[in-house]
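These notes are about the structure you will find just below.
Should a chain be cited, it is by its letter among A, B, C and D, assigned in written order, with residues numbered from 1 in that chain.
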Amino acid sequence: MNLTPAMLLLVSLCGYAIGAAGGMLLLRRERPANVWCFGVAALSGLSGLLAALLMLAGGTGTGIPQFELFRPLLPYIHFSVRLDALSAFFLLIVSLLGLAISLFSLGYAKGFFGRKNVGVLGALFNALLLATTTMFVAGDLWLFLIAWELMALTAFCLVSFEHEKAETRKAGVLYFIMSHIDAGCIILGFLLLFQASGDYSFTSLHDIGAKMSPGKRDAAFLLFLVGFGIKAGIVPLHIWLPAAHPVAPSNVSALMSGVIIKTGIYGFTRVCFDFLGTPPLWWGVTVLTVGTISAVLGVLYALMEHDLKRLLAYHSIENIGIILMGLGAALMFLHTGHPLLATLGLIAGLYHTINHATFKGLLFLGAGAVLHATHTRNMEEMGGLIKRMPQTAFFFLVGAVAISALPPLNGFVSEWLTYQALLQGFGTTESLMRLIFPLSGAMLALTGALAAACFVKAFGITFLAQPRSAHAEHAHEVSLTMRLGMGLLAAVCVVLGLFPTQFVRLLDPLTQQIIGQQLSAQLSLANGLVLGSLTAKGGTVSTLGLASMALCLLPIPFGLWWVFARKTKVRRGPTWDCGQRGLTPRMEYTATGFSKPIRMVFKALFQPHREVQREYDFSPYFAKNLRFESHVEEVFERRIYRPARILILRASRRIRTLQAGSVHAYLLYIFVTLLALLLFAS
Amino acid sequence: MKELALIAVPFVAAIAALLWPKDETRPWLLPATGVVHVALTMWLLIAPPPVEPMAWVAFDPLARAVLPAVSVLFLACAAYAVSYLRLRSERPNRVFVACLLAVLGLLSAGHQARHLGLLWIATEAVTLAAVPLLHFNNTGRAFEATWKYLLVGGTGIALSLLGSFCLGYASLHGGGGGDLTFVALTAQGAGLSRPWVLTAWVLLLVGYGTKMGLAPMHTWKPDAYGEAPGIVGALLAGAVTTVAFTAVLRVRAVVDAAGAGVVAGRTLIVIGLFSMLVAALFLLGTRDFKRMLAYSSVEHMGILSLGAGLGGAGVWAALFHVWTNALTKGAVFLSAGNIRRAGGGRTQDEVAGMAILTPVSARIFVVCMLAITACPPFGPFFSELRILRAAFADGQGAVAAVFLAALLFAFLGLSRLVFAIVDGRPRAAAKKTDRRFRETAGVIVPPLVLLGLSLWLGVATPSVLQEAWTAAVQALFPLP
Amino acid sequence: MKLDLPAIVAQTALLLLLSPLLSGLIKNWKAKLQNRRGARVWQPYFDLAKFLRKDMVVSEHASWIFNFTPYVLLLTALTAGLMVPMVTAQAPLGLFGGVLALVGMLALGRFFMALAGLDPATTFGGMGSSREMTIAAIAEPAMMMAIFTVAITAGSTNLGQIVLASQRPGWEFFDPAHALAFAAMFIVLLAETGRIPVDNPATHLELTMIHEAMLLEYSGRYLAFMEWGAAIKQLVLMALLANLFFPLGLAADATPAALGLGLLWFAGKLLALAAAVVLVEFTNAKLRLFRVPDLLSAAFILATLALVSTFLFR
Amino acid sequence: MNLLPSLRPILDELTQRFGAQIEHAHAPQPNELYLHAKLELAGALCSTLYRKHQGRLAGVFAEDARAGQNVFFVYYLLALDAAHGFVLVRVPIPADQPELNSVTNAIPAANWQEREIQDLFGIRLVGHPNPRRCALHDDWPEVYPLRKDFDLHSQLPPFMGERHKFREVEGEGVFQVPVGPVHAGIIEPGHFLFSVAGEPVLYLQLRMFYVHKGIEKLFESLPIPHCVRLAESISGDSSVAHATAFCHAVERAAGVEPPPRARALRTICLELERLYNHIADIGAICTDVAFVTAHMHAMRLKERILRVNEELTGNRLLRGMACPGGVRFDFDAGQLRALAQLVDELERQFNDLSELTRGNSGLRDRLETTGVLTPKVARDLGVVGIAGRASGFDHDLRRDVPHDFYDQVQFTVPVLTGGDVQCRFDVRRDEVVQSFAILRQVMAKLPAGPIAVPLGEVPADRVALGYVEGWRGEIFHWIHTAPGNRLARCKVKDPSLQNWPALSEAILGNIIPDFPVVNKSFNLSYSGTDR
């Protein structure tokens, strides 16, 4: 049998549908529901993965598979599915994550047995995957919007899965409201496009920007930036993200941070590079700036967290920022007429997209495993887990190294590409605007270093040293399927890190389709061992080479050991306890403590609330009790969202006095209206 | 003769209901009549009868575009009423059933009325027939609500009567015969006296606007909807308001023909947006979910008014919205009625955790909320999208922006309240309610069916309806 | 692609052998300036040999990270060092990565060192990790900006290409941009190698330590690897500074004469840089921990000015 | 009664107020007023003197007098700087009910000293806000070493039980940084436990008394002439000051006056001790902020002084010079010339050092606003010496109650109000300059004559107070003589005991890496505290 991408995709979509249906049917029987839902989702993910790989590996020669959903069922509206290279790329991401997370969920969902309905969880999980996949492969506006909204809805249901907790409810509603706003913006934007094209299909929208007036085009761009930006979680539209991602079950968090926020990137790429035509300069500048701000603020706020999942959620904001830096630079290059550089920027952005999907998925799964084992998300209650769950710790470490953009893993490669794009951007223009490139580059460096600091904290406080609570003390390694899920993503992180040129080749059809350029040949030097940077004498890097070189140097320390230290003994002993009876867990660094220097350095931004209370009877020198409290509130919450909320509620309260119950007033309203309308009409 | 049957059958049934001896079986008259009525309207919808131009009552294109929606909504409410009245067996239902049926007959008349006077009489009669319905619960608050309804509604009716006179005088003043059929008025066209026409338009707009519940004439709504049983609310919000809206549309056609279409359109847009904003702001603050529905209804009336104001494509979209609003609003009111019964209260302070107490109703309620706030793929999403498109096509970007902002605020208010009621842990008081509400098929299926219809209308609008709306727009505002 | 094996071996040897000497030299000079006799220049070699021969005590709280880190630190420093041109214009591993990879490799080492600081469950290690990561984060933008200045004028992030670009016509020797960037980079060097006024490598006060605090629990050969790694890192950064901004006397071919001359030049530049470091250490007190960001933002501003001056002043 | 005119009104006022409740008042020396009162009156008397007469509670100590009177006596030593004298309030505590009402809530400075009494005498504190063990660590069994019935040579099995529990600061993310008890460098043992949530210190708890040497008990076992050696070794860096204070006490008890030349030579030694310690501290403060250059400079100067010390007395730390009744060695002309040369040379080089430290903005930045001890806290906790004078607490025994040759020389007492490390640094620097002047004046006025008077046996049952303004602060030795040229009780009060709690307050809100320099700026003695 000959497997075609279209068929595999259809299998995948149907698989999710069947999985969802199965979950609803097996509501009362959690074990079969668990196996069925997540098993089927894993298989569907695999099928989608194959479809995407086949499609992308086929190069530019293969045609674009297209077919219609539900043709016989609904005669009036066409739901066309279209798997072009961009869709295939995002299909790759969603399917890969779907596969890994489903495997993980097989073990993870057992934690809900007897507590929550696993059938519902499985069904919604499948539905979410179905909606997301459909959204990525939608070939027309209707299907896109419907899938978009279904995705938001299922994601909302999953976020509020544990709705008995007040925190979850609050986060769920916030998420729901924000996704409603983003849907509104996107619909408006598409209406503007539709007005110009008169047709719903994506093919007809290609380069539609050329037919629009500049004002409308700019309006559409801004609407999409806000709409997709909310979904992606750019600053300052991100406030829902750190609230919603942590409260969802961890497998859902992984899916949301790994894939769902990427739908914003997909939409943005689709619209800006496919539909809106050659952009004006300020689009690129805006995107680059927004990206830079998101990256820096995201990681700074991440550093302030000691809730492991919230920390990861803030890192999603950071990474979305990094992705947007690549895309923004690409937009600027498109404007200045440097298609090759634009392609480089696009590749950097998209490379980081899949990288973030893998390592963030991995990290959320790791956090899920930790949560599963310790029943807490608070890092201040963890510690010492590396001895209790060694494999989880290892996988988390891989993710941490990758997200900190350290060689030789994948985060480094995509940030390296972003640096190259930014550096070369400096020469593309003579205006002062060129300064934005190196400045963003410097901020990217800051982001990377802060991310490293944050993950030293996250990994160090969570896994190293002594357990800080009984929960952590009695933690145990998680089940095989959970480790499999994490292992798969960890392996992908390594592969994407070590073989960048091979991966860039997969992006050829995509860049060809969007910008009309293929870069894999130019980026690949020395038989694909070295990643180049477009210009002949530009920078090069080879993660594989560096990694193997480091391994080759390993004989040096071992040689030193052989020559000098062969006969030495190693003694295990307690760490010096400063004359106490052994070090207690209270005598090791905490997450709050670790990030304190950064909180102090960026005091102006964080404006932390800090308080030391002394309780005493007579003299302040003899305190009976000391309490310390400190917390950081987001500047946007404080400066924008809360005042806006207060303003609206005040307006609402004010207007309610109109409806005071007095019939005389009511009649008066009518006559005043009458009068006003008469004046207005005459 | 089928069009007259639409009016006659309900009245006959109403008389039968008055004579029917047993409370237990009497409610069955409702679905029976409903079925007949729906069958008739569907028949007429698919095979429209020829319209005699000067007839006072006819199933004309506008009636064809709107009346079936009313009919379907009535059937759903009637089906629900059977179970509902069984639950409320402590109250006598003779008058209630009869009045419901009478309202249906009057609605049929109102929708088909092609004469200004007849239209006024039908609307007036609906208002009166609805009074016993509002008063069904027989509480002090219900009495107060009814009284406000009568007073404010009566003022509206008086104004619309005045407006009718003005229009008639415009015809006379302009040299016409004072014939108050719409056909004749339209035919007189520019011959109508412009000042009188404008005066008439404003009076009629405010008058029928009061009926519709456009802000700031909406003041009767929160009390009335809050106190009335769910079915009555559904009918008021989905059907009675529709009559007033068709009245406005018919008058607007006359004003258009008289050459004052621009002014009329602008007033409609202004009052529509104003209604939406006011409703949205109220929605943000209210804690009572039945009053919330009233404000939501105000908002949707604003949308209809906005659509009507936008002309051609807008009117088409507004007719679409009449359908989606009727169906969805029906579903919302019925499921809200369930929540009210099961939760034992009306505000978020009294009711919470309904997802645990009555999972099915609660979920339906949430989905209804989604539908009514225009989440795709439900009908309102598509009809409001059409209005948005019409606004864009008309070059009214600012209007579109205000429209969207109002929708957003309304959504914020609605979702906040609905989730507060559905999520969380049940209040202690609700658990103790001994007359625990049971989620029988009778109270679950009608809202579900309405929701399903709304969904269907959204993703796959039947071509016969599209064609009916196009015909109605053509008939009202013939292209020059 | 062909790897130049002799060059790799030679440069590895140079890194391993020269780095302790450089540390010893700086210590010795500092002592001399303070009117002390000071330890011998060769003392670091003896120290390393001593550490290597000693038995180790490993904390029972520590995990494999603690054992793994010394290797990571040593190997990342060596690999980074192989990407820097020292005696010849082309670094042995120049193709495998330029300055960005170099920064990345050093950051990898730091990442693990910070983890190893947290691993044995002592507050001192955590203190060191927390401070080190903070200062590294703030140093990063300044460093990148300075690097960008050079990379942009040379059109490459590859160190070999940057050095070659300096030999092309039209390249001005040490123009304002380079001077400013050098100043910025020098400040970053002080921060990265833990020198006064950022950190005090000679202190015995645990509470004030940054780099040393992370090493407190190490002993025996692991300590040797860590110390050696740090010394190599210092050499690498100083070589980077020396050859990036003063690309003089680099051997163009592999003849013994050229190599010898190149080595002499390299040594001369290192000595000059070391003297500068010693002078700074001699005349300054250590900054308060939360004044370090001020210093590093000054470096960032210098670097930005450098970048602006690449196109404003010509 | 031979009382100073300035103390007389105070006595009058107290007798007027408390009347017969003050059972007995006597003044063995014109500037020492002893008031005997009932136990209940202790608090009121102390409070009155503390609040109304600006008295400093300089010491609280007990004495086991059960053998004779079947009571413990508790003494409150109040220094009245303005009146140039001391008031000692003595209250009896019945042996069968050893309980003492704490004055700590009213006068926080009494905290550690009261607890010391509790530990060493077994007198239970009533109403103390923190009545935990202080001087004796928790592995001591229930014994009271300073009671007379406790044998000096007892061998005790260590007590195994609950240990000292450090106070925790509640709140998420707060952790403890344990430091010590052994430290890198040549420092004595002491445990510091910081509660932090990152760098700024939220709370610092000190644990001293790791090396309790039982010196006060030892005094009771030695003949008086031998005790001088013991006094010299109480705190190595203050050996002259402690020995001199002890000699003062013995001389007063014996009723002899040392000859003028002895007093001048003592003054020279005291100032030399001050010089080398202050200069060393100035260097040490610099080294704690990694300004090694100044440190090396200071070390050189210190070494120079130590060598001259050795030349003068045969001991680098000036030990062996003191003896009751005078001093043991005279300085010949060559030695005095060497001293004069030292002063000249030192002054020049010290000016260089001051310039170096003054001109370095980085150093100033580190020292200013670091470790602020506000004047209020300094007064409340009774902080003495340079630490007190840097926080505006203006007192100096050399000026207020002059001893030795200080009434013959002109000098000023530098007082600053900032209370930060820089102020403590500057007070030291200014005192060094004053020291040069004092040394010059003493050398110029150096009287001829004998260097000691014979002492003979000290009469029994005399009480006397010896006091010296050491370089760190005031040092008191209070003795009660016993028959056979021995001591029934010798209370040693080192300034460190008083100043340690102030460190806890000064460090609050500072970041951890600033602790060493703050600590060094106080430079308190562990040995003097632990005794």
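Miscellaneous remarks
FYI, a contact is a pair of C-beta atoms (placed from the backbone, for glycine too) under 8 Å apart; a residue touches a chain by one contact, two chains touch by 3 or more.
These figures come from a predicted structure and were not determined experimentally.
Central chain assignment: A. Criterion: smallest distance from chain C-alpha mean to the mean of all protein C-alpha atoms.
The two chains most heavily joined by C-beta contacts are A-C. Between the CA-based centres of chain A and chain D the separation comes to 64 Å, rounded to the whole angstrom.
With centres defined as mean CA coordinates, chain D is found 93 Å away from chain B. In terms of their C-alpha centroids, the spacing between chain B and chain C amounts to 77 Å. Here the CA centre of chain A is 44 Å from the CA centre of chain B. Among all residues of chain A, those that touch two or more other chains are 583, 587-589, 593-597, 600. Shared interface positions of chain B, i.e. residues touching 2 or more other chains, are not present.
For chain C, the set of residues touching two or more other chains reads 123, 127, 130, 289-290.
Working note: touching chain pairs come out as A-B, A-C, A-D, C-D. Those residues of chain A that touch chain B in the complex are listed here as 74-77, 145-146, 149, 153, 160, 163-164, 166, 169, 172-173, 176-177, 180-181, 183-184, 187-188, 191-192, 194-195, 648-649, 651-653, 655-656, 658-659, 663, 665-667, 669-670, 672-674, 677-678, 680-682. Put simply, chain A touches chain C in their complex at residues 384, 386-387, 393, 401, 404-407, 412, 416, 419-420, 423, 426-427, 434-435, 438-439, 441-446, 448-450, 452-453, 455-457, 459-461, 463-466, 525-527, 529-530, 533, 535, 537-542, 545-546, 549-550, 553-554, 556-557, 560-561, 563-565, 568-576, 583, 585, 587-589, 593-598, 600-601. Residues of chain C that touch chain A in their complex: 1, 12, 16, 49, 52-65, 70-71, 74-76, 78-79, 82, 93, 95-101, 103-105, 107-108, 110-111, 114-115, 117-123, 125-127, 129-131, 133-134, 136-145, 148-149, 151-152, 155-158, 161, 164-165, 217, 220-221, 224-225, 289-290, 293, 300, 303-304, 307-308, 311. Chain contact summary for the complex, chain B toward chain A: residues 147-148, 151-152, 155-156, 159, 195, 198-199, 201-203, 205-206, 210, 216-217, 219-220, 222, 260, 263, 266-267, 270-271, 278, 281-282, 284-286, 355, 370, 373, 375-377, 385, 388-389, 392-393, 400, 404, 407-409, 411-413, 415-416, 419, 423-425, 459-463. Looking at the complex, you find that chain C touches chain D at residues 30, 33-36, 123-124, 127, 130, 196-197, 200, 202-208, 281-291.
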